[in-house]
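Below are structures written as structure tokens.
Here come two complexes built around chain A, the first alongside chain B, the second alongside chain C.
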Partner chain A sequence: MRVLLIEDEPNITEALRFVLSRDGWLVDTHADGATALRAIADKAPQVIVLDVMLPNRSGFEILRDLRAQGSSVPVLMLTARGQQRDRDLAQAAGATAFMTKPFSNADIVAALRALRPSDAPRVSP
Partner chain B sequence: MARSALTGTRIRERRLLAGIKQAALAQQVGISPAYLNLIEHNRRKIGGKLLVALARGLHVDVATLTEGAQTAVIDALREAGGAQARDIAGSAPELDRLEDFAGRFPGWADLIAAQRLRITALERNVAALTDRLAHDPYLSQALHEVLSMVTAVRATAGILANGGEIERDWQLRFHRNIYEDSQRLAQGAQALVSYLDSEGKEAVALSTPLDELEGWLAARDYHLAELEGADPAGAPLETVMAREDVRALGGAAQSLLRAVAAQYLSDAQAMPLAPLSAQIAAHLPRDGLDPAQICAAFGTSLAQGLRRLAAVPATDQGPLAQPLGFVSCDGSGTVLRRKGIEGFAPPRFGPTCPLWPLYGALQRPMQPLRQRVALAGQGERRFVAFAICAPQGVQGFNRATVWEAVMLLVPEDLLPADPAQPRRDEVLEVGTTCRLCPKADCAARREPSVISGPL
Partner chain C sequence: MAFNTLVSVCFLYACFLFAVAFWAEKRAERGRLGWLRSPLVYTLSLSVYCTAWTFYGAVGYAARSGLEFATIYIGPTLVMVGWWWILRKLVRIGRTHKITSVADLISSRYGKSTALGVIVTLFAVIGTTPYIALQLQSVTQAFGVFASAAPEGFGRVDSEATGLYVAGGLALFTILFGTRNLDANERHHGVVIAIALEAVVKLVALLGVGIFTVWGVAGGFGDVMGRIEASGFATLDLMPSRMIGLTFLAAAAFLTLPRMFQVLVVENADERHLYTAAWAFPLYVMLMSLFVLPIAVVGLQHFGAGANPDMFVLTLPLDFDRNALAMLSFLGGFSSATSMVIVAAIALSTMVSNHIVLPVWLSLTRDEGDRLREPGDLRALVLMARRLSILGVLALGYLYFQLSGGSGALAAIGLVSFSGVAQVLPAMLGGIFWRGATRTGALAGLVAGFAIWAYTLFLPSFGEGAVMGAQMLAQGPFGITALRPQALFGLAGIDPVVHAVIWSMLVNTGLFVAVSLVSFPDPIERMQGAQFVNVFDHSTAARSDVADGIAAEDLLVLSQRILGPVSAQDLFQRAAAAQGNAGYLPDPTRDFLAELERELAGSVGAATAHAMLAQITGGTVVSVEDLMAVAGETAQIMEYSAQLEAKSAELARTARALRQANEKLTLLSIQKDGFLSQISHELRTPMTSIRAFSEILREGDIEAAARARYAGIIHTEAQRLTRLLDDLLDLSVLESGTVRLNWGRCNLHDVIERAVQAALGGERATGVTVQRAAMSEHVALETDADRLAQVFINLVSNAAKYCNAPAATLRIATRKHVDAAGVDWIEVDFIDNGQGIAGADQAVIFEKFSRAGETVRAGGAGLGLAICREIMSNLGGTISYVPGQGGAAFRVALPRLRHDRGRR
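== the complex of A and B ==
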């Protein structure tokens, strides 16, 4: 099961890569908003973890374009704000789930397991 | 009823002050002592000939009995009462006995009015801070960074605490990450505290720089004595800006004050106080106050003249026994400057009455307006409003014109008595703000009034 983690904070990326790898995910990472769509096309993940505040392009814009391209890949959005307005924006952009920073490792693991497509091949942890 | 209520209290105070017995005064004006007693205790309405007779018997003007210095206090109390009834279920302040309360307990009334203003200012502060939290880009970015650091620390610490077997290299790497993130977190938090601390100083007692400026001007009765007759070469503006109470203002308020003071200096040079006072004194008792005539004498624009007249101080020795009111607004109708006077206290916060001649002038730029006005529910007191809307600054082709409307309010009792009583339709009944206006069936009403009937 392949997850693409689009997050610009390197230590968060490193910690999540470690945690998710231990949970059995194949983790790819990307840090730049402007080239995120190309990374998604290249890596073809089954699930995407997408930060809202990215350099050069916001997560909302990336997600809107992704959905406009017809992609239905599950997307978990990460943001530092938990306001209803951001949740509404994420939902309107086509997010599958929404998580507010700071979160626990257990929370994100559980959220990604819930988003895992049922027909995707399982990888043993 | 409310005006009568205060009037009754004042009649009693004046009678006691003059040492006149109730029975003697009653006999003099042709009523029974019992009826006078009811009037004095605000149990009976009073007006017309009887009021004039009582004033004569007490050797005071009618106005002394009918006008208090408490219009602003009464308005604030009414606002407080309305807010209380709205916000706190089951509370029912006696709004119909409000002036009676103010007359009997002026100290408490002042305190409640001041607290209401304070609450309003604090509510605005909270709204402004909430707005800033949501929209301040620096704050948003700083909070995002702090939360990102916290997320990194939490995720990494979670691995170390619960991760089971972790290779030595990974352990060292995560320890280093936590150390780096904690350093950045500390720096981010310090920067955030520093930012909020320095910004907070701007928002202490008053809500906006305009409020600060207005408070400063009101404390000086809108008259800047140090700029009267000042030599521009002597840098009088710097003298004002160097004052201790000016330096205590926020930076934005100081900038506003500098602009206001510069305009004041320009007005004072165009219309020096001594000849201006002489002009007013020469015409006021006989012909009344004609701003157009005065402006023509000094060769100034009407807008400048109205602004300047509002800055003439009211003194026993000067030409004006009472101060003149003033309000100005920009093209959007937003009030820029307000100088309240007895009987006409523009609201400090929130929208004003759209019926003011000020807004009439805004709709007809460069056309001077003269309009008799009366405040709805405030009895017989009338004002003459002079208003004009004029462009500000330098104009040019294909450039947006910036308009400003100004309105001067002259209490009608300052003017010579008009033998012909104005027809009812010649007097425009206006309010200060909808919430405090009892005018029924007003086409301009934008929100319900807290007053159910006449004041």
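== the complex of A and C ==
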């Protein structure tokens, strides 16, 4: 399972890489807003973790464009501003889940597990 | 013809007049005046000029004096044709100022003088009473003619009783139709119609008798002309002086006779009617005079010299047994007499009640405390005064008629009256054409003129021995021949009437002019004078001169008593509505008071109305002080309006300021939201790392190298948090201006040295090369060295962080300069050789949380330059970005000495 972390704070990226790798994810990272969409296309992750406040481009805009391109990949949005307005904006932009920094490692692991699409077609018993 | 028939016809005619008057009043009440107020009716109503004196007396006059009778017609004709503009001005003044009578005109013009009103009223009564007596006499004589023509049916005709009945009947008619309504402006429609009708009867009767005389008695027009030639009328010696004097008298009387003023001015419904009357009335008068001479000549020849020529118009048809024509002629004479008496009685009663009764009543009740609220309807009082005045006037006329015993020719009495009322002429004409005319002048002229008239004409007219003894007439009082009544100062040998007219008018006019020239009009007079003389300039602007601060309710109470509740309430309601007030009480503004005074003046005369309002308002006299107060008030209003304008401008300014403040607040609010959200972000970001790594560490099972690395990250992020909080607190203190600065003397070189050491420390190997010009840095400063160092540290560390040139160099340059205000300034430039700051970012780098480019390397929250800006502001200096220096260039400028801060 591939997850793409789009986050500009290197320390946070490092922490998440550690935690998610331990949970079995293949973790790719990207730190710049302007080139985020290309990174998504390149890495073709099953799940995306997207920060709002990125250099050069806001996470909301990236998500809107992604959804406009027809992608339905699950996206977990992270924000440090923690306001209701951000939650609404995220929902409107097409976020699948939303978390406010700081978060506990267990929460984000659980959230990403919930977003993980079933890896194999279910066989009826 | 039976006496009963005559009485019956008379009675029926009177009934008919009553009916016509009643019908006209009803029509007027319904507002359907139509032709009732046509120029024709106005012209016919002017025929009250032609009284019984004209109807009967003209023939007698012609029989005695030949063509001289024509002067009585030439006078008014001249006025109508040649001087109608005087009438127009009178009419305009009368309508504008709601003038009710000649006395009112004079009183109003000369400062609403009560004294003048009383005097003119008295003169008018004295001058008119004989005239009324004359009318009574003519009617009685006419009855007498019928009695002597047909003695068998009449029995004994008691002339006194006839006179009494006639007077009584006229009083009844006049009271019924003359005092139906109070406001003269509402006019007496019934009376005017009745009079117009009588005018027609007069004319038809006289023309009828004339035609009968010329073609029935004489042999046609040629025959009559021949008879006139033969009679010697043509050769009768006409005295030019008397002709001129009489023409003048008739013209003057036409303007000043109370009854003429009543129909000309007061009853005038439309100024334009004058244009018709200007030719129609002379035509009427000409028709009236057409057959006078033929009737006189034929009558004289028919009856002989002994007959009374005054009655020829009756006796001629009677003698030829033309009873119907005689009847018509009688009715014509009756009409002439009654119309004159009715109008004269109305005019006089208005004067008497307005200028004598009401002022007396007002002065009697003046001291009785709450005089206007006392029970009793003022309107009823005014009406009663009018009615009593009518009775009084007619009683006086009857008394005179009885006392004089029918003595003297009709014409003689008429001329005496004419010259009496003509005394008003100088004051009247002077008043409407000469602003310099004053009350004192008018008073002097009137009194003197009237005294001379009485002395030289009126008293002697009673006959020798009646009032003046024969000796006095012949030799003067106490034998002083210069004072002989009919030959004053030796002016003997001319006609007594002309003599009286010359002396009275001369002295009257002379005194009027002379005294006016030497006396000064008071303010009201001045204003009234200006309004009268320039009436065409401001016809609508009759002003009232009463002070403010009056209870509108008092005014309403007063007005209800005078105008009647319905009219008064209507007037007040209209005025209130015009002012935008609901209900019945308008503000007693000057305009409203002026209007009210005019309305009241229509009922009780200008002087009385003025006095009444003045009673309420407290100021009976308008003094110079009052005028000054008016002027002051105007000035106050203007000042007030200027203040209002200033206030409104101020309000606009305040509104603009508020709008700006609001915009600023909105902006601040947005900025605050942004700030909080930024702080949240800046706090949560390091906390996220700290929490994540601390959880990882807590779970254990991590190799030692990683553990050390993660603990290091936690430590760094915790420091970052602390720094952020320190910066925030620092900024907050600097922004609020509550920062404590440690002012002291220091050397700029030391400060820079300290900053460079602090910012670069041991990292010199990794970082920038600092180039300095140490010599120029040795400047003595008065400032807070720690704060200044904080700024420098920020700038040096920024250069170290952001300058990405291969061989990063920071040049620190210092220079001094003195500005235009003579202040010593120190400027320190920090210029690195990096890529600099992009143009768009230059504008925002000093704002909070702004970071040009990437955040991570900076490691700050983006508050550094914001803090620098606040520090410099507190130190009285500035920090700015200097573009175009090849790299990032910041300039710190500050005054060298503390007391110069804030002067740039």
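Everything that follows uses one rule, which is that the second predicted complex is superposed on the first by the 118 of 125 C-alpha atoms of A that agree within 3 Å, B and C clash if a C-alpha of one lies under 4 Å from a C-alpha of the other, contacts with A are read in each partner's own complex, and residues count from 1 in each chain.
Assume a residue touches a chain if its C-beta (ideal position, glycine included) is under 8 Å from a C-beta of that chain, and two chains touch if they have at least 3 such contacts.
For clarity, every value in this text was computed on a predicted model and none was experimentally measured.
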Request  = Based on the superposed arrangement, let me know which partner A:53 touches: chain B (first), chain C (second), both, or neither?
outcome  = both
Task = Considering only touches as defined above, state whether A:70 meets chain B (first), chain C (second), both or neither.
result = neither
Ask   = Common interface residues of chain A with chain B and chain C?
value = 9, 11-12, 14-16, 18-19, 53, 80-81, 83, 101-106
Query = Where on chain A is chain C touching in the complex?
reply = 8-12, 14-16, 18-19, 53, 55, 80-83, 100-106
Note = chain A residues touching chain B in their complex are 9, 11-12, 14-16, 18-19, 22, 53, 80-81, 83, 101-106
Task = Using the touch definition up top, name the residues of chain B that touch chain A in the complex.
result = 134, 140, 143-144, 147-148, 150-152, 154-156, 158-159, 162-163, 170, 173-174, 177, 180-181
Task = Name, in rising order, each residue of chain C that touches chain A in their complex.
result = 677, 680-681, 684-693, 695-696, 713, 716-717, 854-856
